[in-house]
């Protein structure tokens, strides 16, 4: 069972690295925003799987909190983009 | 657990240096504040790493758990995170006012303006 | 039995997330990446959380996992929609179909 | 309820901090500016009374400890008041009392957004943070109250009239936050090697287990962190602009309290926490501190000479005077500490008086440029005389209070055997004589540059009362310095052999 | 084994994001990267068993810092070159400091070492006797609220000071309640966006409910006043982001928010002063109830309420001030 958790965590880390790559390189700012969103959902999975792996599922509140509050960043972002509709060729 | 030995502290050290470089080098006020945040997070990492016991669990008393990690660094870091947020909030409020006063948040453009001094004609 | 099913679901979910990640990395244009990142990711997250649902012992844990799953299920497509709408409004159009990965859409 | 009053007596250490801390939110809730100003002055009075009460307590019982939350010392947070603490508390609360009276007179726009009572909340929070840093005996508690006073200080500075006040407040925020984080890191490293946070407990454990590279690193981080807060020479570049662009009443408050408390924390940590033998015997700490002090003494006055703005010039002189105090600390001997404390007290009084006088002149002429100061002495006799007297005591002319502390510093230097240090001290005094003489010459001899403004408004009582109190104190201590030197030596004695 | 892999992996993630931040110059990507940085840091805290700290870092990183940063940056700050290597002078100085520090780390105890001096002194008592003395399973909350309760009072005052600072720095300080006429010029038409409206309007009660759960769950699991305050603040601000700050002001006016900020500090202080009047030292909760643990329970509950009140009101006040500054 532990090897499964190990594989899952490792792959999640790699996926996280990919989204950081896109966040860093992303030509337009929308790619960076997309990368942030995907990194957040990967980290929610990572925390949940890690807590399951170490046998303490009662601390899942953190993952629940992230799932809840994650939209606030995107909302503030979309608000910022609507307020400044400069074309996307930053 | 000899492998990760001092790795956490070395990574915290690199983050500290990154934060210091950003704070000293960047001319954009917002980037200075982000650098300050990274600088502080390096210190948080040092605190939390020294509290960790190998295969210990979170310091919440539970019948099934025997080894607990040290709760004191967590208390100190809770305070330090809140202090960091408060400093960032005040810094951003200042940046907003600087932008309103100077129209820019880049330090070079601000420095070029001559110091405004109320001239009293003799 | 549940362990095998759980780990199977976990692995499947993680592979889906990985596929989404690679898609995010390789696709030429923002709107393609949007597809891979939001839809495939949500499916991957759903599968992983389903696997954890199977593996979770008590009901409270299962409820928490279900809550996380429901939240991700509703919120991440919504965020992707809001992003796509903002991108469209900011003039991100696919004018040159099929162009190379680096020149997709407006830079 | 009468049983309550005597009970308050043994709660004095905590009341010193809690009174301003809990009254500050009231200023904001009440919403009227006039009421908030009244509350500010009233609180300043109460705090001074509490300090005098603490002073009388420490005469009977040398060390007063107070366990917060009822938990015993190393586990809970402990307050510790001894002669040194009372000495510093008296300095900052006296300056705060006079600065808050002076602040009443600042109804002009120069306070920027002070129209709202929130300014006075920030004012009280700043002084509450400073008091909290002085009284506490817990390393992390020093950091928390350092942050409270720092955040309040950044706000007060940004209330200045000119837009550059915002930028100088921002630069001070970044420097202060980096300094505070260095202090936090040094506390973390100390906790990592000792497992405790209480200062006296820390010094016991460090003495037991001896020093290793991490504790040396913690000492280095701590000195850099507090050095930024004290504006010691190489880490000082936030101070001149911060004092220059801050509102006059804020400059008056900060010049007398902020750097002084940081210097006290330096003394307290070097001697109580790291222990004099570790700091000064094993590590070449005394050489490091003395060398930075020498650079500060000699270089800064020349920068002050070329300064075009009066407030910034005196801010530069603050940086120079801090170097004298750091040299006193650097000697590491009892006499050195006594000289540092004396200079700390004298500089607090004199510099506050000078900035008040400058504030009065700015309020009337609207400008602080030295070029415009021609013939100012004849228009504002009282303020110019105070500034002259303050300048002379900065130089350390015999008969003034500055001379007393410089004399004790020279004896301390000779007593330690580094007689050659007396040369930079005298050179520093001569250099400060240069920039004071430049001001005096312009104000007294040069023809009037500014149009005589409306009939010179008579000094309001809020302005001349605190000024004359400070001048009186400086004069009295200058002439018979027995009381203040006695206080300083017993404070230094209390520090080096606690309970002795 | 899992702990080590996760720890090392996350450290690498953290380093890559930090390097990315050092090199990027455009403020928007800086803010986004610092968002990723705080998420990676929070996950790392979970790995290092710091569950409460991860909670706070998550709530603050995802909840507040984004809103504050986006209220300050503008598209015209976007530099021409997106990346730039820091000046060699800064790098040299940084590396110099780094080498000095490296020497300091050689005497530090190893990762996870049970015999490290940090665990021998104070921690033994907190872990050992905190359940009999205070009766709360979450040792972090008992140390935070009771043993070192005075630090937390200082912390609440720091948050209050930040709220006051931003109030003072508000450009035009008209304090009256939002007049119906003054339509928020930047009313984003999010309300027009049916998807966001339907989903998020139903989310707000869920977020507030979760905030209250965290507020009162602080004794038994990760949570407490700060995290609850931030979550409640984020929930309320969501409505502001959805509709507009002026509409939110009509529901929760400036005056009440400022009052709440000050009241939270007073609640905390008065719980301490109550201990004074009952003859114990400041912030000693044992005298508040019949037995010591009952008193501690009551004391901790009250101060957590004070903390939650101040933090949530400060968050909303920050949002108002930054929105005010913008329009």
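In order of appearance the chains are A, B, C, D and E, and numbering begins at 1 in each one.
Throughout what follows, contacts are C-beta pairs under 8 Å (C-beta built on N, C-alpha and C of every residue); 3 or more make two chains touch, one makes a residue touch a chain.
Remember, it's a predicted structure, so these values are computed and weren't measured experimentally.
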| item | value |
| --- | --- |
| Contact distance in steps, from subunit B to subunit C | 2 |
| Chains touching both subunit D and subunit E | B |
| Selected pair, greater C-beta contact count between C-E and B-E | B-E |
| Taking each chain's C-alpha mean as its centre, the one farthest from subunit B | C |
| Chain at maximum distance from subunit D, centres defined as averaged CA atoms | C |
| Subunit A and subunit B, separation of their C-alpha mean positions in angstrom | 21 |
| Where subunit C and subunit D are represented by their mean Cα positions, the distance between them in whole Å | 57 |
| Whole-Å gap between the CA centroids of subunit A and subunit C | 10 |
| Per-residue overlap in subunit B, given as positions that touch at least 2 other chains | 16, 20, 50, 57-58, 72-73, 76, 79, 83, 86-87, 90, 94-95, 97 |
| Touching two or more other chains - residue numbers and ranges from subunit C | 75, 78, 82, 85 |
| Of all residues in subunit E, the ones touching two or more other chains | 3, 51, 73-74, 101, 105-106, 108-109, 116, 118-119, 122-123, 126, 148, 151, 154-155, 158, 161-162, 165, 169-170, 196, 200, 203, 221-222 |
| Interchain contacts (touch definition) - all pairs | A-B, A-C, A-E, B-D, B-E, C-E, D-E |
| Contact footprint of subunit E on subunit D as seen in their complex | 4, 7-8, 11, 14, 18, 21-22, 25-26, 28-29, 66-71, 74-77, 113, 115-116, 118-119, 121-122, 125, 128, 132, 140-141, 144-145, 147-148, 151-152, 154-155, 158-159, 189, 191-197, 205, 209, 212-214, 216-217, 220 |
| Partner subunit D, residues of subunit B touching it in the complex | 16, 20, 23, 29, 32-33, 36, 39-40, 43, 46-47, 50, 72-73, 76, 79-80, 83, 86-87, 90-91, 94-95, 97-98, 101-102, 107, 110, 115-118, 120-122 |
| For the subunit E and subunit A complex, residues of the former touching the latter | 1-3, 5-6, 9-10, 12-13, 16-17, 20, 24, 26, 28-29, 32-33, 35-36, 39-40, 42-43, 46-47, 51, 54-55, 58-59, 62-63, 66-67, 70, 73-75, 78, 82, 186, 188-190, 196, 200, 203, 206-207, 210, 214, 217, 221-223, 227, 231, 234, 237-238, 241-242 |
| Subunit E-facing residues of subunit C, complex | 74-75, 78, 81-82, 85 |
| Subunit C contact footprint on subunit E (complex, rising order) | 193, 195-196, 199-200, 203 |
